[in-house]
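Labels A, B, C, D, E and F are assigned to the chains in the order they are written; within every chain, residues are numbered from 1.
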Amino acid sequence: MSTVDRATAAARLRGIPGPGAGRGASERTPDWGRVALQLTASPHIKAPDSTERIMWTVVASLLPVVLAAGWYFGVSAWLVIGTATVGAVGTERLLSGGAAVRDGSAAITGILLGLTLPAGMPLWMALLGGVFGIAFGKLLFGGLGQNVFNPALVGRAFLQAAFPVAITTWPAPRQGFLAQVGDTFALPLMSPAVDVTTTATPLAEMKFEGTTTALNDLVLGSTAGSLGETAGILILLGGAYLALRNYLDWRIPVGILGTVALLSAALNLVDPAFPDPLFMIFSGGLLLGAVYMATDMVTSPVTRAGAWIFAAGIGFLVVLIRVWGGLPEGVMYAILLMNAMVPFIDRATQPRVFGTVRGREGA
Amino acid sequence: MNELIWILISAMVVNNFTLALFLGLCPFLGVSGRVATALRMGAANIFVMVITSLAAWFLNSYVLADAPYLRIISFIVVIASLVQIVEMAIKKLSPALFRELGIFLPLITTNCAILGLAIFQTNRGYGLAEGLFFAVGAGLGVTLALVLMASIRERIELSDVPALARNMGLVLILAGTLSLAFTGFAGLFSS
Amino acid sequence: MRATTPTEDLLRGIWRENPVLIQLLGLCPALAVTNTVANGIAMGLATTFVLMGSSLLVSLLSDYIPKEVRISAYILIIATFVTLVDLILAAVVPDIHKALGAFIALIVVNCMILGRQEAFASRRPVGRALLDAAGTSAGFMIALLLMSGFRELLGNGSLLGVDVMGPGFEPWIIMILPAGGFFMLGFILLALAWWQGRAQPPVKPRRWPNGVTTTTHANAAPRERDKVVA
Amino acid sequence: MFKPPSLVQLPGVRGMAARPGFRHGVHPPDAKELSRARTIRRMPFPAEVVLPLRQHTGKPARPLVKPGDRVERGDKIAAADGFVSVPIHASAAGVVKSIGWWPHADGTMAEAIRIQVARFSAQLPRPRMVPHWEGLTPAQVVAAVQEAGVVGLGGAAFPAHVKLQPPPDCPIEFLLVNGAECEPYLTSDHRVMVEYAERVWFGVRIMMHALGVPRCVVGVEKNKPDAIEALRAAAPTGLDVRVEALTVKYPQGAEKMLIHAVTGREVPSGKLPMHVGTVVQNVGSIAAIAEVFETGMPLVERIVSVTGPAIKDPQNLIVPVGTKLRDVLDYCGGLTEDVAEIVFGGPMMGIAQPDLDAPLIKGTSGVVALTKAQARPRTVHPCIQCARCLDACPVFLNPSKLGRLAQAGRYEEMAKHHLADCMLCGSCSYVCPSSIPLSQMFALAKAAERRRKEQAA
Amino acid sequence: MQPLLILSSAAILGGVGLTFGVLIAAANRKLRVWEDPRIDAVNDMLPGANCGACGFAGCRAFAEATITGQVAPAVCTVMGPDERQDVAAFLGVDAGQANKRVARLLCAGGSDVAVQKATYRGLASCAAAVAVSGGGKGCAWGCVGLADCAVVCDFDAITMNEHDLPVVDPEKCTACNDCVEACPLGLFTLMPMDQHLLVQCRNLLHGEDATDVCAVACNACGRCVQDAAPGLIEMRTNLAVIDYSKIELENAAAIARCPTGAITWLDGMQFAEEPAAPAGSEAR
Amino acid sequence: MSTQPVPGNGPGVAEVQSWRLVTTLAVAGMLAGLLIVLVFQWAHPRILDHQERAVTAAVDVVLSAPERTERYFVVDGQLRAEAPEGSDTLRLERVFLGFDASDAPIGYAVRGGEAGFQDIITVLFGYHPARDEVLGMLVLDNKETPGLGDKIVKDTAFVAAFQGVRAPIQGVKARAGSGAETEVDMITGATISSRAVIDIINHRIEALGPILKRHLETRVAGSGAST
C-alpha cells in the first residue's frame, strides 16, 4: 500500500502542458514531445531483399512453366495446379492466418506440387496433396522456415503412396486445350474412371521396355509426364534468373545435374544399355527437382560444402533409383532422403571460423 | 560375395528394420533425441545384433535342430542373458564405455529388432556369414534411422513447434515421412 | 509407491497410462499389424493372453526369483506364453497366424509386457496384478482397434473386411503401408494433444530462457507508448 | 609488395599473398556523397558542455574539480584511474556547474561534469609545453599520450597509450593505420586524410618511434581516391610507409579484416592484433596524437560527420568533446520532418539515441539521422536458411544457427559455436531477408554469457 | 506322446537355463557395482522442477544431499508440505523449516506514471531493450516492462499488469531467484513475507529531476528517514535505503508523508488492485 | 551418483547365493520346456494338417481340381517318387502331377519364387509340358504392397488370364496387347509385381520344362503300359 494514489500521480504527470515544459527546477530541457525518436539495435539500415520478395519472385519465375503446362496438357493442367495451390494456401490461411499467406511460400508449395502431378489427376486428390503437404510437411513443424522436408514433395509423396495408380496415369500431351485428359472432376474420395488416353513416360519406357526417347522430344516436352517436368528450357531459364538474383544457390542444381551426368556417362560407357546423360537430365522431374525443389533453402544445407554434398547425394540417389531401383523415377525420393540428411550435413560442415584451425577448437 | 552385399544393403535401406519392418520402434522413438546418443545407441545395437546373429546361428545349428518350437524362447533367453552378462562386464571393465554404450544395452534386449533379427535369419535359412552380414546391415539400418531422426529432432528442438505437436505426434509424422522417403529404395536391385 | 485402489489399477492402463497412446510402448505390433481390424483384434487377444498369463505367474513367483536373474526369468515366463499362443494360433486359425507373421513371436519383446512385469506385477499381489494386466491389455486393444479401424477404413474402404465406403471409393493405399502406420499414430497423438489442450486454457508462451520472441519489429506496436510522444 | 613473414602460419590461409580485401562481408550503399565534399569546419562553442567520466574503454576517470570551479580549455578535470584509463580535459573554458547524472552517449545515465561555457573568456588553449617527440623515450611518449587523454577515435575508444606498449612477448612488426572508414555515411576520417595528410604522417612518425617499428601501412578503401592521393603525395620520404587501396566492403575497417586484407594473416580467435605483429590505429587517433605533439593540446575536440538524410545540412565538424547532440543538430540546420532515429557512430554499428541532451564524446565518430523510410519496422519472419548471413559474416560464423540457438536461449551452446568471435558487426542482420535481429540477439547472448561466467567465477 | 521328445525339450531349455544361470551367477560374483537405491526413490518424490531454488544442481543432486543429511527436505520450497513430510518420513529425518519469502519489485513506475523518452523497437525482451540505449524509458533505473521476469518464472507467479509492471503472486512464488537473475535492471529482491516496508524505486536522481521522469519515484526528500524509527532508513545517493537488519523496528508511519508513494507498506501482493488498509494507516 | 564396488557394503542388500540363480533359471527353463512341448504335441499334427491341406488346396486351384495327385521330388534333373535317402525332404523341390477323373494326367503343379517389388513372391502354377500351356496360377506368398502389388492375388482378371496361356508368357500393358495366346495383361500400377509373376513362371518352365516333358512322356507311356 502506498500514500499516493497512482491515478493522482499519473494525472499530475499529464497535467503539465506538454511534457518538459514548465517543469520548475528540472535543469534538463527534454523535448520528448517534439521528436518521437525511435530506438533500434544496430544495424540501423537493412538490405532491401525480404523473404516476401524472394518468395513472390519465385512464384513469378514459375508462371512461364505453369503457362507451358497449359499449352502441353490443356486447361486441366491449370485446374490441377490451381487446386493444389488452393489446398496449400487455404490450409496455411486457415491454420496460421493471413499474415503467413502473404509471405508467398505456401503459394510456391502449391504451384510446385501441382507441377509434379499428372494432368488428369482428380482435383480432389490435388487438393488433398496441398492440404497434407502444408499441414504435415510445414505447419506442424512450426511453419515457414522450420520444416525439414520439402512440403510440396511431402504432399506428392503422400499422394504417390496413397493413390499410386492415379498418380502414374499419364495422359498424352497435346490432346487439345479443352480435352478431357483424365477424370479431373471425380467426386471426392471416389476413384477416377480410367478411360483416358495414357502414354508411358520416357522413364517408364526406359525401365519397363528398355527404349529411350528422342532427345528432341524430351527437350521440347512433347512427352508424357507431370505438368512441370516437360518444360525443361523454361525451368532452366527461371532457375538462371533466380540464381543471378541470388534467390537460389546455383551449387545445388549444378551439383545435381553434374553428378547425374557424370554417373550416367560412366555407366553408359561401361554398358550402352544404360541411358545416356542427356536422356537422364531431360527426362522425368530432374530439372524441376534440381532447379526448384532441391533449392528450397529451408530444406537444403546452409553451408557451401553442405550444398555440394547435398547435391551430389541427390544426383547419386536419382541414378541409383532410376537405374537399379524398382521405380522408374526417383527424384522425389532422392530429394526427400537428402532433406532428411540436411540437419546432419549441416552439423558436419560448419564453416571454419576466422582465426581458428579446422578440426581444432580455438587456435 | 554379391549375395552377401545385397543382404546387407537390403537389410539396411530397402527393408530397413525401423522404417519398413516396424521393428524396434520403442527405442527408436525414445532414444532419438540427440545425435550423440543416437550414435551410441546405434553402435550398441549393431553390437547386440551381431551377438544375436551368432547366438541364433549356434542355437539353430547345434541345439534346436530338432525342436524348432523352442526357438522363440531359447533365442530370447539366450540373448537376454548374454546381454546382461556383457553389460555387467562392460560396467566393471570400462566404466567409460559403460556410460557411452552400456546404459542402452538393457533397452536393446527387450527390443523387437533383436528378436526379429534372429527370427528372420532363421526363417530365411541364413548361414553364419549371411547371418552376420544381415545383422550388420540391419544394425546399420537402425543406426541410420536413429541418427537421421536424431539430427532432425535436434533441429526441430529449435523451432516453434505448435503446442499440440510437442508430444510425440510430430516425431511420428516425421517417422512416417522418413518411411515414405525410404519407399524410394523399394525394389532396389530386385529387377 | 503410492497406494492405489483396485479400480485405479484396472482403469489406469485403459486411458491415463495407455501403453500405446500415452506411454508409447509396444509400438511395433501396434503399427505393424494394424492394417486390418481382424489382425488388430487377433494381436490384441494374443497379447492379452500373454500379459495376463505372465502377470499371474510373475506376481506369484516374484518372491522366489532372485533379483539378478529377474529379467531373464520374466522373459522366460513371457516367452513360454508366447510360444503357446504361437502354437495355438497356428493350429487353430492358420490364416491369422500367417498374417501376423513374426509379430506373434515378437510379443515376447513387446516392451509393454516386460514393463508391466517390472513396474507392477512383480511388486503386487496376484489379484491386483491381474487387474492391472487386464487394464493394460484393454488399453492396448483400444489403441489397436483405433489404429486398425481407421487404417482399414481409409486404406481399404472396409471394416473387418466388410465394405463400408461404397463401391466407388478410392482406397488410400498409404494407410496400409508402413508410412501410414506412423502417420495414423501421429494423427491420433495429435488429436489427443489437441483434445487435452482444448480443455485447458492456452499456456502462456514460455520463451525465456528457452527463447526470445523475435516477431517484434512490428510486434512492438501494441507496446508503443504514443502517449509519451504525443 | 610488402609481405611480412607470418608469425602465426595458419593452415587454410595458404601462405596467402596480401590481397586488398577479406572474404565475405556486405555492400551497403555507402551514401557518403552527403558530406564527402564538405570541408571540415569548426563549430562555435555551445552554452554548456557535458563531459561524462566514462568516455573510454576501461575504468572511468576520477573527477578533480568540484561545482563552482573555474576551468580553462584544456585543463585536466578528471584523472586517469589506473593504466587502462585516461584523463578528461575541459573542452571549453567556464565554470563547473555540477557533477551528477546525465544522459550518456550510450543511452544510459552516467556521471558527468557539466561546464557552463564562459561566452566571453578566451577559448584558446593556454600556451603549453609542446613535447619534442624526437627526444622522448617510448615510455615518455606513452605517458604523454595518456596524459593527453587520447583514445582510439575509430569507435571503441580504447585508450591509445595501451596499444603503444605491447608486451615484450609480442614483437610488433609494423603499424597499421585504419583509414578504411567502411561505415556508410561517415566521412570524418576521409576528410582528415584529405585535409590533414601531413598531420597523419607526423602522427605515424611518432607512433613508429614509440613502438620502435620500421614499417607502416595505411589502409584506405578505394572509394576515397582523393584521400589516397593526398596521403601518397604527402608521404614522408625515408620512412618505410605505404598506402594500400582496399576493396570497398563492410566491415573492411574492422581490425581483423583490415589485417587480413593487408597481410593475409588471420588474427587467431581470441587474440589481439599484436599477436600477429601489428598495432591498428584509426587515422583520426593518429591525427589526435600528432596534435598532442604539435600544439601540446590534449584531446578536447574531435572531428565528427553530422550527416544522414534527415539532417538538413550535413557537415564535417570539429566539435568540442561534450557538446550536446541538440546543439550540434541546431548548428547543422536541424532535423527534417521524417526523422526517425538518430545514431551516434555509423548506421551499421552505431548507437541510437533516445535523448537530445546526450553529449558527443571522444569516441563519437559521427551523428547520423535516419528517416522513417529507412528505419521503418519490418516484419520478422522465421529464418528461412537462405545462408546469406553465412555468406556475409566476415568471421565465418553460422549466424543462422546462432540465431536459432539464441532464440531458444541456449547460450552455452552458442559459445561452442564461437559466439565469442562475433564482433557484432551487424552484417548478418543487414542481409537477413527475414529481418531477424541477429546481431542484437548475439549481443544479448554475449552479455548473458558474460554474466554467467562472472557468476560462476 | 513321445516321451523322448518331451524329455529332450525339457532338457534343452533346462540346459539353456542352467548354462546362463551359471554364467550370470559367475558374472554377478565378479562384476557387480552398487549404488544407493534411495537416491532414485527420493528423486521420484521430488517435484522434478529442477529449478535450483534449493541451491543444488537439479532435483537429483538435492536428493543425494538429503540422503547424506546435508540438507533438510524443507529446503525444497517447491514441494508441498505433504510431500515434504513424505520425503522426511522415507528418510527418517525432520522435514525442517523454511521461511516464506517472495520476490518484490523495486520499481513502481508503470507506463501510467513514468515517462518514455523514445520508442524501442526490437526483441521483446527487457535485456535486449536495456542494451539498446536503455530501452527509451525516461528513468534509466526503472522497469522497462517487457516481461523477462514473467517469462522465466517457472511457477507462473508473475503476471504483467495493465501498466506493464510485473505483479508477483505471493501464493505461487517459491523464491527461486530466477526473476532476480533475469531482470537486467536488478529490480527484484527476495523478501520475507513478514517484512512490510519497501522502497520501490531505484532512481538516483534528486528532486524534480526524479519526479519529471516518474511520478512515483523516490526524490530523496528525506521524510521517511525522519518518520521511521531512528537508523532504520538512511538516505544514500539520493535514495532512501532501509536497513533490513533492523527491520523489526518497522511501522507504517514511515510511509505516511512520502510525497510520491515510493516507499510502501506491503501486505500480501505488491500492486494489489485494492490496496488493503495497513495496520497503522489510521495514524495518518 | 555414488557408485561403489561391493562386496556388500550397501545397506539392505544381502549377498545372493549363486546356486539360487542357477537353479531358478534351470528349473524355470525345464518347466517351460515341458509346458511348451506338451502343447506342441497337441498342436503339431494340426499344423501339419493345415499345411498339407493348404498344399492340396493350392494344387487343386492350379490344376482345376484333379481327381488325385502324385508327388515327385526333383533330384539331379529327374523326377523321383521317393526322396533319396538322407536328403532333407523339406528342402527338395517338389512337383505334383494331377490326374483327372479318367486318370489322364492334367499337368504338373510347379512352385517358383523370385524377387518381386518388395520381397520374394512365391507362386504355384499348373503346367502342361506337351502343350506348353500354363493351366493356372496361384500366389502362395508375397509381401507386395497391399492394394497395389497384391493385386497379383486379388485381381481376378489377372489370375484368370493364366488359365490356358501359352508359355513363354509375354506380359503386355493393359489393353495394349495384340491378342496373341501368349499374352497376359499386366496390372496397371503393379507392373513390377505382374512381371515378376510372369518371369517366375517362365523361368521355372525354362528350367523344368524338358524334365517334365520327358517325365510326362515316360509316365504316360508307363501308365499306358501298366493299363
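As a working rule, a contact is a pair of C-beta atoms (placed from the backbone, for glycine too) under 8 Å apart; a residue touches a chain by one contact, two chains touch by 3 or more.
This one's a predicted model, so the numbers in the text were calculated from it and none came from an experiment.
Enquirer: Using C-alpha centroids, which chain lies at the maximum separation from chain F?
Expert: Using the mean of the C-alpha atoms as each chain's centre, the farthest one from chain F is D.
Enquirer: A-C versus B-D: which has more C-beta pairs touching?
Expert: Here the pair linked by more C-beta pairs in contact is A-C.
Enquirer: Compute per-chain Cα centres, compare each with the mean of all protein Cα atoms, and return the closest chain.
Expert: A
Enquirer: For chain A and chain D, what's the span in angstrom between their mean Cα positions?
Expert: Each chain's C-alpha centroid was found; their separation is 44 Å.
Enquirer: Starting from the mean Cα coordinates of chain E and chain F, work out the distance between those two points in Å.
Expert: Here the centre of chain F sits 71 Å away from the centre of chain E.
Enquirer: Please report how many Å separate the Cα centroid of chain A from that of chain B, as a whole number.
Expert: 34
Enquirer: Can you give the whole-Å distance between the Cα centres of chain A and chain F?
Expert: That gives a centre separation of 47 Å.
Enquirer: Two or more other chains in contact with one residue: find those residues in chain C.
Expert: Each of 68-69, 72, 76, 79-80, 83, 87, 173-174, 177, 179-180, 183, 186, 190, 207-209, 212, 214, 216-217, 219-220, 228-229 in chain C touches at least two other chains.
Enquirer: If you look at chain D, which of its residues touch at least two other chains?
Expert: 107, 351-355, 377-379, 382, 407-408, 435, 437, 440-441, 443-444
Enquirer: What parts of chain B, by residue number, touch at least two of the other chains?
Expert: 67, 69-70, 73, 77, 81, 84, 159-160, 165, 169-170, 173, 177, 180, 183, 186-187, 190-191 - these are the residues of chain B that touch more than one other chain.
Enquirer: Which residues of chain D touch chain B once you look at their complex with the stated criterion?
Expert: On the chain D side, the touching residues are 382, 404-405, 407-408, 410.
Enquirer: List the residues on chain F that touch chain A in their complex, please.
Expert: 117, 145, 148, 173, 188-189, 191-192, 195
Enquirer: List the residues on chain E that touch chain F in their complex, please.
Expert: Chain E reaches chain F through residues 1-2, 5-6, 9-18, 20-22, 24-26, 28-29, 32-36, 39, 60, 64.
Enquirer: Give the list of chain C residues in touch with chain E in this complex.
Expert: 68-69, 72, 76, 204-209, 212-214, 216-217, 219-220, 223-225, 227-229
Enquirer: Tell me, which parts of chain C touch chain A in their complex?
Expert: Within the complex, chain C contacts chain A at residues 165, 168-170, 172-175, 177, 179-180, 183, 186, 190, 217, 228-230.
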